[in-house]
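Each of the next two complexes has subunit A plus one more chain, namely subunit B in the first and subunit C in the second.
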Partner chain A sequence: MRGRIAARVGLVLLVLFAAFPFYWAVVASFTPEATLFREPSLWPRELILDHYRALFTERDFWTPIKNSLIVALTTTVFCVTIGAFAAYALARIEFSGKRAVLAFILAVTMFPQISIVSPLYMLLRSLHLINTYPGLVLPYMTFAMPLAVWLLVGFFRQLPRDLEEAAMVDGASRWQSFVRVILPLTGPGLATTAILTFIYCWNEFLFALSFTLGPERYTVPVAIALFRGQYQVPWGQILAATVIATAPVAVVVLVFQRRIVQGLTAGAVKG
Partner chain B sequence: MKNRASGVSRPASHAPRPDNSEARAGWLLTAPALATILFIALFPLGWTVWESLHEHDLRMPWLGRPFVGLGNYLTIMRDERFWQSLGHTALFSAISVAVELTLGLALALAMNRAFRGRGVVRAAVLVPWAIPTVVAALLWRFIFDSQAGIANVVLSNLGLLHQPLVWFVRASTAWIPVILADVWKTTPFVALLLLAGLQSIDQELYEAASTDGASAWWQLTRITIPLLKPAILVALIFRTLDAFRVFDLIYVMTGGGPGTSTEPVALYTFNALLQNLEFGYGAALSVIIFIVTFGLAMLYMRGLGVDLGDSRAGKGR
Partner chain C sequence: MASITLSHIDKQYPNGYVASRDLSLEIADGELLVLVGPSGSGKSTVLRMIAGLEKPTGGTITIGERDVTRLPPQDRDIAMVFQSYALYPHMTVRENMAFGLRLRKQPADLVARRVTEVADALGLAPMLDRKPSQLSGGQRQRVALGRAIVREPKAFLFDEPLSNLDAQLRVETRAELARLHRRLGATMVYVTHDQVEAMTLGTRVAVLRDGVLQQVAPPMELYRRPSNQFVASFIGSPSMNFVRGAISRDGGRPRFTAPGGLSFAITADLPATDGPVILGVRPHDIGLGPADNGGPRGVVSLVEPLGSEQIVYVTVPGGADFVAAVGAEATPRVDDPVSLTIPGPAIHLFEAESGRRIGA
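Moving on, here comes the complex of A and B:
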């Protein structure tokens, strides 16, 4: 009984610890700049919308949002589509060299991004892709593709083998059994993979920082990190931006939390 | 962790004999993904290794790109800033990973008990994991920024601080918000990994232990932790890999400063490459980071015997 109460108190404290920075950012994003650091109070005293207004009028924050959406969605669609074929083969077809491929893909998920920044920069420069959308989608695939394949292999393996065998006995080709039988059943797995891939792309910083040159191509994380005021850090606007960058992710997480947890732990724990 | 087993080379138990058309289909389906990865990850890596053997300074193009063998590596060995950045990375990794594992285990144990509002807790801890690291860094920087920031106010009111601190002017105090932000952001991930491990432990073990009058502590140290060891190891290696590559968090919170006193290796490498445009030297630094990371990754794959066969599919799932 005592253990249960301790666990509860601990959890309440933890939830508070997890939530406080968000709460504090939301409060601050509605507080006038001049009073931000004057006698900070846990409860807002005066709410204004100025920071949000400035964000979209002076800073054109739509542009980084648009850039992030384009890059993250494109990468996700590419990786989940191409990844699904590869994952199906790796999960369901016996062929020599398969284990080496799987080991290689797992190894690439652990690649340090910094190790390939300079060659990617040279490569993109020679292809004239610096400061373009493809110039971000390509590098993003270095981490998104192995991640998607690895997660999808896990999902495909969970399906009972009899299904496609039955379809193939009934005369369906491997391709037909894949498209008609396996893919529809993997819907939830594909969705989970897409969500996780999207989150990783939406959050990426190093490549976006290295391969974009100006605000017209900055993604959300880069735009926020490089916010500068004329005289001081424009905290009100920065925090308004963090609230906007967090809100969609928070909604996705709240709606799909079960799936996300499943995907995360399947990718790592079950190997 | 039910199915952790075997080494990389173990054949799948019930695999049908591969025939030619199957093999062709396998390679055909794998080819696009594999080609993409080879082109954008492996090829650049090879390039980095090759580049690291040259002196290549983009600011001085007239010098060309002479081959210097291991010259860059020898310079790195005598580069004080490199050793310092390695020290910062090690310090950051050791402290943050230790705190995250301890806290993550406690959180997983608490979450493993059935209770109302479990969904709320899971959601609350998942959100910090899901947001951009840049955002997490800014949230915590704001909390610790300025002498009138909320951290100073709260700590002063609690009597823990005699006078407000300017956290980011000294390395010793700047590390505190940095590590706190990392713990805040990544403990949920650790907790979820461990929770998945906990849920695969047979409940009967605890029932039997309770019947025999074993204390909660005995059960924790004799049942839970030993059986959770594989999950703990996975979390440990994943987190160490991440911590060793730390970039976003420190770039945003301290910029490696004051001076270079909180600069991790990844940031030093980034500066060498994209600030100073020393591509040869930066490439050598990149290779060193890669080797260390890869060593850790191999440790993970070997030590845990990641199951690469599809033995699970055959076990009646």
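Moving on, here comes the complex of A and C:
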């Protein structure tokens, strides 16, 4: 009994520890700048919407949101579609070098992002893709695709092989059995993969900072980082922008949390 | 409906494992052929090669008049019932059953009529709009069966379809399958490791071991005249008794002698043989009598009462156990001295080296 209480207390402390920065960001984003520095308080005493209003009047925060949505959604669509075919092949079709391909895909994710920024930059420049949407989608796919493929391989492997075989004996081609039997059953897996890919792209900072040149192509994280001017840091606005960028993602994750956890552990038990 | 012919089928997996070796088998139109064997005997692989889910590494498969060896499963027009049933979880029973016909672009009214007919025949009508997850094991099994029947395929393949059912349901479904086969008159290939299923269902039974066909025969023929020691031991329960020994003839009367002191005269004409043999006799052919009636003697070491009969283990000189199945009215007791009655015609002889049956 005492152990359980101790565990509860520990859990509460852990949650407070993890959630506090976000709580503080929310509170601060509603607090006037002056109060924020003179007499900061954990409890909001005076709530204002000024920071939020300023985001959309002074700063045109819609543009980075639009950019982020376009880049993240496009990347997600490509990754899930192409990833699904690749993962199906890797999970089901026997071909030589399969293990090597899987290992290679995993190895790609091992590079620290910073190590490939310069080569990618030169590549994109020679393709005239700097400061364009494709110039972000393509590099994002280099790290989002391996994630998607690995997740989906796990989902496909969980499906009993009998189902496809039954479909094929019933008269379905491999394509028909994929579309009419496998895909409908992998729906939750595809959704999870899509959500994780989207979040990954939505939060990405380094590539977005390196491959965009002006505010017309900045994504949300880059725009927020560049709020700070030469003489002052508009903390209120930065925190308001953070809340706007984080809240939708947090809601999605909370709603789908069980599925996402399943996705991350899929294939962990069964090889 | 069609016949199926396997000729000289070899199957070797890339890792070197041989699942099938020079297997030739003809399954007549309308026949229910059972492939039986212990696990790892290659029986499922044979079925999967007929279905097209595995490709043989040698030999040809013909369904009807058509060589299908290189055809993918969808072009073979066969139906298969899987051990796991493999129902499509996201489709209702109706959709599951209609799937094959829909893929063949059959008109919707014909599909609906076929599904209703078959569902009525199998008692599935009330659950047509349910998902597989809402059905019991037995019901799922019927849906799997229905899905196969709806298509009116050239042949039905069954891969251990009863092994996931509980004992009572298994017996009922077995009888139902036998009736179904009679009603449809369809060509069926049925894989099982259960010799009772094999014997009760099969028009003929093919016994496999390590990818090699041992014998193909109607069930009773298999029981009466097993072609080798493996088939003899696999078919029949309890399993046949085997003793290694030698046949000698003193004055024309054959006599069997095993090392350790077991020796008895055989009261029947034996095929002309002398020297080392394996003698086999089925438990149900052995009688037990009082210790002094002249047969080989032994001591009862264990009695297993089954109700309708009793399985009696008798230890004979030399230490071997003979298993005898006797009626419910007998009263064998452990440690009783008894003598065995082994009627000559019930004796099977096998070559000591190869295990092949000697004589007719």
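The rule is simple: the second predicted complex is superposed on the first by the 263 of 271 C-alpha atoms of A that agree within 3 Å, B and C clash if a C-alpha of one lies under 4 Å from a C-alpha of the other, contacts with A are read in each partner's own complex, and residues count from 1 in each chain.
As a convention for this text, a residue touches a chain if its C-beta (ideal position, glycine included) is under 8 Å from a C-beta of that chain, and two chains touch if they have at least 3 such contacts.
Fair warning: this is a prediction, and the values are worked out from it, not measured in the lab.
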**Joint occupancy of subunit A by subunit B and subunit C, clash or fit** = fit
**Message:** Let me test your reading of the model: by the given contact rule, A:V181 touches which partner, first (subunit B), second (subunit C), both or neither?
**Reply:** second
**Message:** Just checking: does A:L49 make contact with subunit B only, subunit C only, both, or neither of them? Give me first, second, both or neither.
**Reply:** neither
**Message:** Contacts for A:D170 in the overlay, against subunit B (first) and subunit C (second): which applies, first, second, both or neither?
**Reply:** second
**Asked** After superposition on the shared chain, which partner residues are touched by A:L106: those of subunit B (first), subunit C (second), both, or neither?
**Response** first
**Request:** Using the superposition on chain A described above, determine whether A:L127 touches subunit B (first), subunit C (second), both, or neither.
**Result:** neither
**Request:** In the three-chain superposition, say which chain, subunit B or subunit C, touches more residues of subunit A.
**Result:** B
**Message:** With both complexes superposed on chain A, which partner does A:L13 reach: first (subunit B), second (subunit C), both or neither?
**Reply:** neither
**Request:** Give one of first, second, both or neither to describe whether A:P160 is in contact with subunit B, with subunit C, with both, or with none.
**Result:** both
**Message:** For the superposed arrangement, tell me the lowest C-alpha distance between subunit B and subunit C in Å.
**Reply:** 5
**Contacts on subunit A seen with subunit B and repeated with subunit C across the two complexes** = 160
**Prompt:** What does subunit A use to touch subunit B in their complex?
**Reply:** 3-4, 7-8, 10-11, 14-15, 17-19, 21-22, 24-25, 28, 37-40, 82-83, 85-86, 88-99, 101-108, 110-123, 138-139, 141-142, 145-146, 149, 157-158, 160-161, 174, 199, 202-203, 205-206, 209-210, 220-222, 224-225, 233, 235, 238-239, 242, 245-246, 249-250, 252-254, 257, 260-261, 264-265, 268-271
**In the complex with subunit C, residue positions of subunit A that touch it** = 160, 162-163, 165-173, 176, 180-181, 184-185
**Request:** Mind listing the subunit C positions that touch subunit A in their complex?
**Result:** 51-53, 72-74, 76-80, 82-84, 86-90, 99-100, 103-104, 147, 151, 157
**Prompt:** So in the complex, which bits of subunit B are touching subunit A?
**Reply:** 1-4, 8-9, 12, 15-18, 22-23, 25-30, 32-34, 36-37, 40-45, 47-48, 51, 106-107, 109-111, 113, 115, 119-128, 130-140, 142-143, 145-146, 148-150, 153, 184, 188-189, 192-193, 195-197, 216, 231, 234-235, 238, 241, 244-245, 247-248, 251-252, 266, 269-270, 273-274, 279, 282-283, 286-287, 289-290, 293-294, 296-297, 300-301, 304, 306-310, 312-314, 317
